[in-house]
Amino acid sequence: MAEKTLLKGNIALAQGAIAAGCRYYFGYPITPQNDIPEYLSGELPKIGGTFIQAESEVASINMVMGASAAGARVMTSSSGPGISLMQEGMSYMAGSELPALVVNVMRVGPGLGGIAPTQGDYFQATRGGGHGDYFNIVLAPASVQEMFDLAIKAFDLSDKYRNPAMILCDAVLGQMKEPVILEEKGAEAPPARPWALTGAKGRKPQFLKTLYLSDGEQEAHNLELKEKYDLMRKEDVLFEGKGLDDSEIVIVAFGTVSRIVKTAIQMAGDEGIRVGLIRPITLFPFPVEVVRRTVKKIPKVLVVEMNTGQMVEDVRLSIEDKVKLRFYGRPGGGIPTPEDVLREIKVTLDEKGF
Amino acid sequence: MKKVFSRPKSLVDCQTHFCPGCTHGTAHRLVADAIDHFGVREKTIGVSGVGCAVFIYDYFAFDAIEAPHGRAPAVATGIKRVHPDKIVFTYQGDGDLASIGTSEIIHTANRGESITVIFINNTVYGMTGGQMAPTTLLGQKTTTTPYGRNFRNDGYPIRMAEMLATLEGVAYSTRVSMHNAKEVLKAKKAVRKAFEMQIADMGLTFVELLSACHTNWRVKPLEGQKRVEEEMIPYFTLGVFKERKEKDFL
Amino acid sequence: MAKIIIDRNRCKGCGFCVVACPKDLIRIDKELNIQGYLPAMIADNDNCTGCALCAEVCPDVAIEVYK
Amino acid sequence: MYYDVIMAGFGGQGIMLMADILALIAMKEGKNVTWMPSYGVEMRGGTANCTVVVSSEEIGSPVTGYPYSAIVMNEPSLLKYEPMVRPKGFLLLNTSLIDPEKTNRKDIDKLLLPANEMAQRLGNSQMANMVAMGAFIEKTKIVSLDLAIKLLPEMFPNRPSSFISNNSRAIEKGAEFASKGGDFSV
Amino acid sequence: MAEKTLLKGNIALAQGAIAAGCRYYFGYPITPQNDIPEYLSGELPKIGGTFIQAESEVASINMVMGASAAGARVMTSSSGPGISLMQEGMSYMAGSELPALVVNVMRVGPGLGGIAPTQGDYFQATRGGGHGDYFNIVLAPASVQEMFDLAIKAFDLSDKYRNPAMILCDAVLGQMKEPVILEEKGAEAPPARPWALTGAKGRKPQFLKTLYLSDGEQEAHNLELKEKYDLMRKEDVLFEGKGLDDSEIVIVAFGTVSRIVKTAIQMAGDEGIRVGLIRPITLFPFPVEVVRRTVKKIPKVLVVEMNTGQMVEDVRLSIEDKVKLRFYGRPGGGIPTPEDVLREIKVTLDEKGF
Amino acid sequence: MKKVFSRPKSLVDCQTHFCPGCTHGTAHRLVADAIDHFGVREKTIGVSGVGCAVFIYDYFAFDAIEAPHGRAPAVATGIKRVHPDKIVFTYQGDGDLASIGTSEIIHTANRGESITVIFINNTVYGMTGGQMAPTTLLGQKTTTTPYGRNFRNDGYPIRMAEMLATLEGVAYSTRVSMHNAKEVLKAKKAVRKAFEMQIADMGLTFVELLSACHTNWRVKPLEGQKRVEEEMIPYFTLGVFKERKEKDFL
Amino acid sequence: MYYDVIMAGFGGQGIMLMADILALIAMKEGKNVTWMPSYGVEMRGGTANCTVVVSSEEIGSPVTGYPYSAIVMNEPSLLKYEPMVRPKGFLLLNTSLIDPEKTNRKDIDKLLLPANEMAQRLGNSQMANMVAMGAFIEKTKIVSLDLAIKLLPEMFPNRPSSFISNNSRAIEKGAEFASKGGDFSV
Amino acid sequence: MAKIIIDRNRCKGCGFCVVACPKDLIRIDKELNIQGYLPAMIADNDNCTGCALCAEVCPDVAIEVYK
């Protein structure tokens, strides 16, 4: 077994980015993700990279856009209010098909909110909080190991589709330490970027834009984007599934909550209740198929989130059949305990049919 | 006979969408002239703001990108940090640079990024139909100051070249005009100087070009040129506000 | 000996060159060009000095100067 | 096996370091482990706390409302965490800064450890955390005490050997106190 | 019949705002909604109001926040990129429970996009493009008359719930002229605002905030917000329904598209095909009930939008039964023609069961 | 004996969350003192930025609101336009005002809004753990400039009081310190003056207060005061940079 | 009844005003009507166009790809809009600025109107739009010509009566041309 | 005649008042207060002039001055 290192989630993510070949970071401080810029401000200069503390999140995302346009692997990270300020830029990046990693270590909202763990930005991340018809690729780690691994994966997917990718996590994952295997094998060499702006030497000038004025041009562009999103839905769905064959009920949960759910599932097992788990790893594209397939066999579903009900919509949208679907959520920094989840499992099982 | 004046190579040979007499056209040529002059067309990356000049990628024969409104300096920062050996410039209107993009231009200047900023001050939002700009003169009527700009409600015309000159990171800050041939020639020198200093990695170079927007001022082109001279220049003084001599400053 | 060539169809008729020419050699034509503007035309190329002031001031880069 | 502990005290008492070491040892032993601190604005108040979970299975939540044990190094922490400890759980309290009279729970195992005094006698009251850790490990046996001591050089590669040996001593003394259960001498 | 005036949609909206008692406007120019600030810059000073052209959309929404906190009826308007920049502020306003009207005359995205009509910001408007668990009240006019009427309604609902309200429309509605009846009867007197910041004279100091740090405080706040949203869903759903009893198929469409659909429905009627229409007027709260009820009788649904499929999710989420659901969308400025819609009606009817 | 120094009425009688020796506490008292002095507690509305001083609503005995990070001047503009008769002020840190809020402070100042801005310059982001601020001194180590602030990468410490003084809309711009009793007394006068001029509707008044953040500087409180004197003041010169005499200026 | 028309020309030819008046009359007659201009960046090119739909029923789309009719006041507009007109539809073209040889459609009704010349003879070529409107209304009868003339004072409350009477004359002359179909005199 | 009163429990022990007193009348106590800080205490109130410099400099407004 490869050697393990005890690392904080935020640091693991930053190391993942470096392992993926990311050498540019532009960002603005905000709790609870400050370890990322703090770590990278020390490391990037050592390896020929650049760290800039931007004057704002608006500037950050636009610096990211510039560096990406110039052909670099580049990232930023922030939380709640900062991510909201990046929505215009992210829409532009999706529109001009520029890859980059944007990390959201969520904090409670709406507003300034607290820094307790939450999953309240699911809608923003998966529905495109910016204007227009576009999606981010969204990855949801559930361990410090995945903070490392998925950072690499996010860069790869982002490059593959020329679309911004987001890591959506929370303070638990950002602040916690766990043993990690720092294996760089995951990191593909970044693909060539023939579209990058490098100076028109030996080739025609090229440009990146999002304004299309001639008739039908923008529509064609938007339909092309849609095709990309459809391809993601086909090719790059990631999830973890457990006990999806023989359980009485299946839980859908992501990120931090999925860990708590696992404990609850063990507790339920101890009481003889068989509970399955679907943990979406890509939130966009959402693992529609596995949900659809699973509920055909197990028509009882419990969705647990740290919000008032967001991913539950994607679960519902994945289901074509009549199933019993229950939502349990703790918003605003409340963390569900395994005991809470166990209770909800039982309630769902006990509920009358429909 | 030899051709002694022709279209710069860096300027695509096509019709622009600018209104008749719009000096955006002149400014475009001056940029292309400087790029040609220093022979850096194949190393140049342009960043357009959003405004009437958003289409620089259609008009310049080098790489370009369209930045979100006001954010060109941040986008240019990202590009320049990845390619320190390239020539990077932004081309921004007064709404773009002095209003929504205030923060970006000030901090990019303060970091002393080695980029050139071409700033077109025409005292209105041209593209969106003539609303007040931060540079709109007091008393000037625009579509959002129908009674004339009033400082108690709308504030003062901002002088960007002077303000930026106060920042350490700025290597060169100047204001020129394009309302007649003499001034165009001076403007040409200023634009060249700005790129020259960028090539020498001196810090941020800033050229404010007074420009007319006849369409939204609702005057004929020649009247617009007159207004630049008679109304704009008295408030927006022409001149060099800063020119640094050494590279590593401080 | 010098001369200028005005690209009649590129010209938008702003008149800047007319004012700029120290020799007063340029005037505005009476026929519309394909864009629908009344373009500038050189009235008297013989006296052109090739100073290029007309060209410098043209926003549409519609003038070439030869010497 | 599953075990969790909340460690709490003032900022500056070396709480995070103690938690770090515990987590490291667990990792080296091949166990699963999570380390979860308080963070952000909460820290401004000058308190520090950290939860460490050690388990042979995959670990669910790294935060816990009902830990098996708590190490409280000052009085505010006692007030906050004593009530949370599970029945039959274990509470280590630093009697150098906490009046033992202030504890309430009868249903848990307690170790009253004069950590600062002991560290003081060892030459530096800053080592109270090491004393506490030694005692805690000895008492709970969730990780190996030997490994804790053996790992010190690796954990502090830049410190002089006197630092290492002092800290080893502190850990040992804490363990000794725990095994002997009360009386201490240096 | 009251007298009619021929008015541009944007102007009607501005006049509606004035009729509703709005005296404060803060905004930044952007096509295709500039008529609104241009009109108000002339009118507000005449009636003791204030018009400020803010330096940016970020400043705009924060000025709006200030004026609302001070107790005034206040509005801003923008489009695509500008609305994206307002997301942080809107999240704050929802969090600190401040009413205001935000108008989005949509433009094509993602990115700078064009100014052709589109409905690409449906997700952003209805899912809260900002961070955290919150919703905007979203109203979708479909005529110049409604631009006027719903502006008033939006202020009323916004005040009722102390929550930002949004008018979501497009360039067609903003730029078109139609006859309007300018009746102010709709405008309720703005309710008292005891929470407003007016100086602590004769009362205790009070404050508005969104940062909650003590245990459980934020969760309680978020649950309170959720209750408000549930109340909206119960009390303030608006829609137009036509032919919902005896049609063969029902179309769901909002705003500009609903007009085109109406023409298509007439054309279908001429061919003997009975087509019903549900036109959501409130997009949030979405008219879930009527959709649910209707599809029980008419299990064939066609959703038409000017995007790649956004409201269709709300339609699907409203449906509990097995129905045939088809989506037809034109993104990026393409406008579906009545002929397109008629074709889609036929395709949906012809399709084999499921 | 008479009480000759006591807590201002506008300051709630409670413990603050500030670190020992943090001069945010002093600045709070100076604001409360001025409000008391002019007897306007019942007419005052405070707007906090986001930073260590975000909790002004817990500490001041008048109405208050928490603005999004950097946007306090815009929020204050909205409030003041609705209540021109009220006393409105913002209280902002250097990250809040001089970084993310650059655009808002400049344009609010340029509009000459009659508000008072209390600006706490402590050369770091206190609340978030000591990252670089726009005012961080060259060479200063912070959690995001681990090798010390380097102008080639990070730009220069910005002098806000000077920059704002160049804007027409600003009535008063000054920089004071709080590192010893003498300076505190001067700061008190400056804060009073700023509110006095607001009451006289002169335009925007701006007081920059040099402050220590011992926690993030990782020094003892008294060492911090010394650093303010020895390192900050030489760069951030104390003084009045603008003081307008008339109300209707221009 | 349903009728739609696209009017197009250079900016400055008074296209919007013409559309405005048509829409106003329709409104006064109690009909439903929509007026939809081109807008935004498109305008920079110096072209102007506006679609007016008049109907006794609720109006669906205010934009149309296949109008019943078009008024084209300059050549670029002819090129753009002639192909869109429905078969059997109606095209009014301003022969003062358009070479009638440039039209292609055989399946539509055309009126060749020398609008600028006529307006010129009436004293002001700026009134070409009014001439066109008169001709269009006379030809299509979608609104009342009398009302058009009667409404002028209401529409231009601040203009001198000579302005009103000149424009009335222009409308009438246009109508006359349309009814007589060709020859014109002033 | 003057005196000061230090709110022992409000004080955070920064020591600013100690340095500020021109008469050197204040010192830091050796016992923690309830907050866990070593607070300031007046060592010699008899010589206090009531100048209030100590109070002006106290960030925690923990000092009252009487005269």
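By letter and in written order, the chains are A, B, C, D, E, F, G and H; residue numbering begins at 1 in each of them.
We adopt the following convention: contacts are C-beta pairs under 8 Å (C-beta built on N, C-alpha and C of every residue); 3 or more make two chains touch, one makes a residue touch a chain.
Because the structure is a prediction, the values reported are computed rather than measured.
Using mean Cα coordinates as chain centres, the one most removed from subunit C is D. Of all chains, G has its CA centroid at the greatest distance from the CA centroid of subunit H. Rounded to whole angstrom, the centroid-to-centroid distance between subunit B and subunit H, based on C-alpha atoms, equals 59 Å. Rounded to whole angstrom, the centroid-to-centroid distance between subunit B and subunit F, based on C-alpha atoms, equals 34 Å. Annotation: 87 Å between the Cα-based centres of subunit C and subunit D.
Residues of subunit C in contact with two or more other chains: none.
Shared contact sites, meaning residues of subunit D that touch two or more other chains, fall at 41-42.
Listed for subunit B are residues 19, 54, 66, 68, 99-100, 102-103, 106-107, 111, 127, 134, 153-154, each touching two or more other chains.
Contacts from subunit B toward subunit F in the complex involve residues 99-100, 102-103, 106-107, 110-112, 134, 138, 151-156, 158, 162-163, 166-169, 248, 250.
For subunit H in complex with subunit F, the residues that touch the partner chain are 1-3, 10, 12-16, 19-20, 35, 37, 50, 52-61, 63-67. Residue ranges of subunit F in contact with subunit H, taken from their complex: 1-7, 11, 15-16, 18-26, 29, 180-181, 184-185, 188, 221-222, 225. Contact residues of subunit A toward subunit B in the complex are 24, 26, 50, 52, 54-56, 58-60, 62-72, 74, 88-89, 92, 96, 197-202, 205-211. Every residue of subunit A that touches subunit E in the complex is listed here, in rising order: 58, 80-81, 83-85, 87-88, 91-92, 94-96, 106-114, 116, 118, 120-121, 123-124, 127-134, 209-213, 216, 218-223, 225-226, 307-308, 310, 313, 316-317, 320, 322, 330-334.
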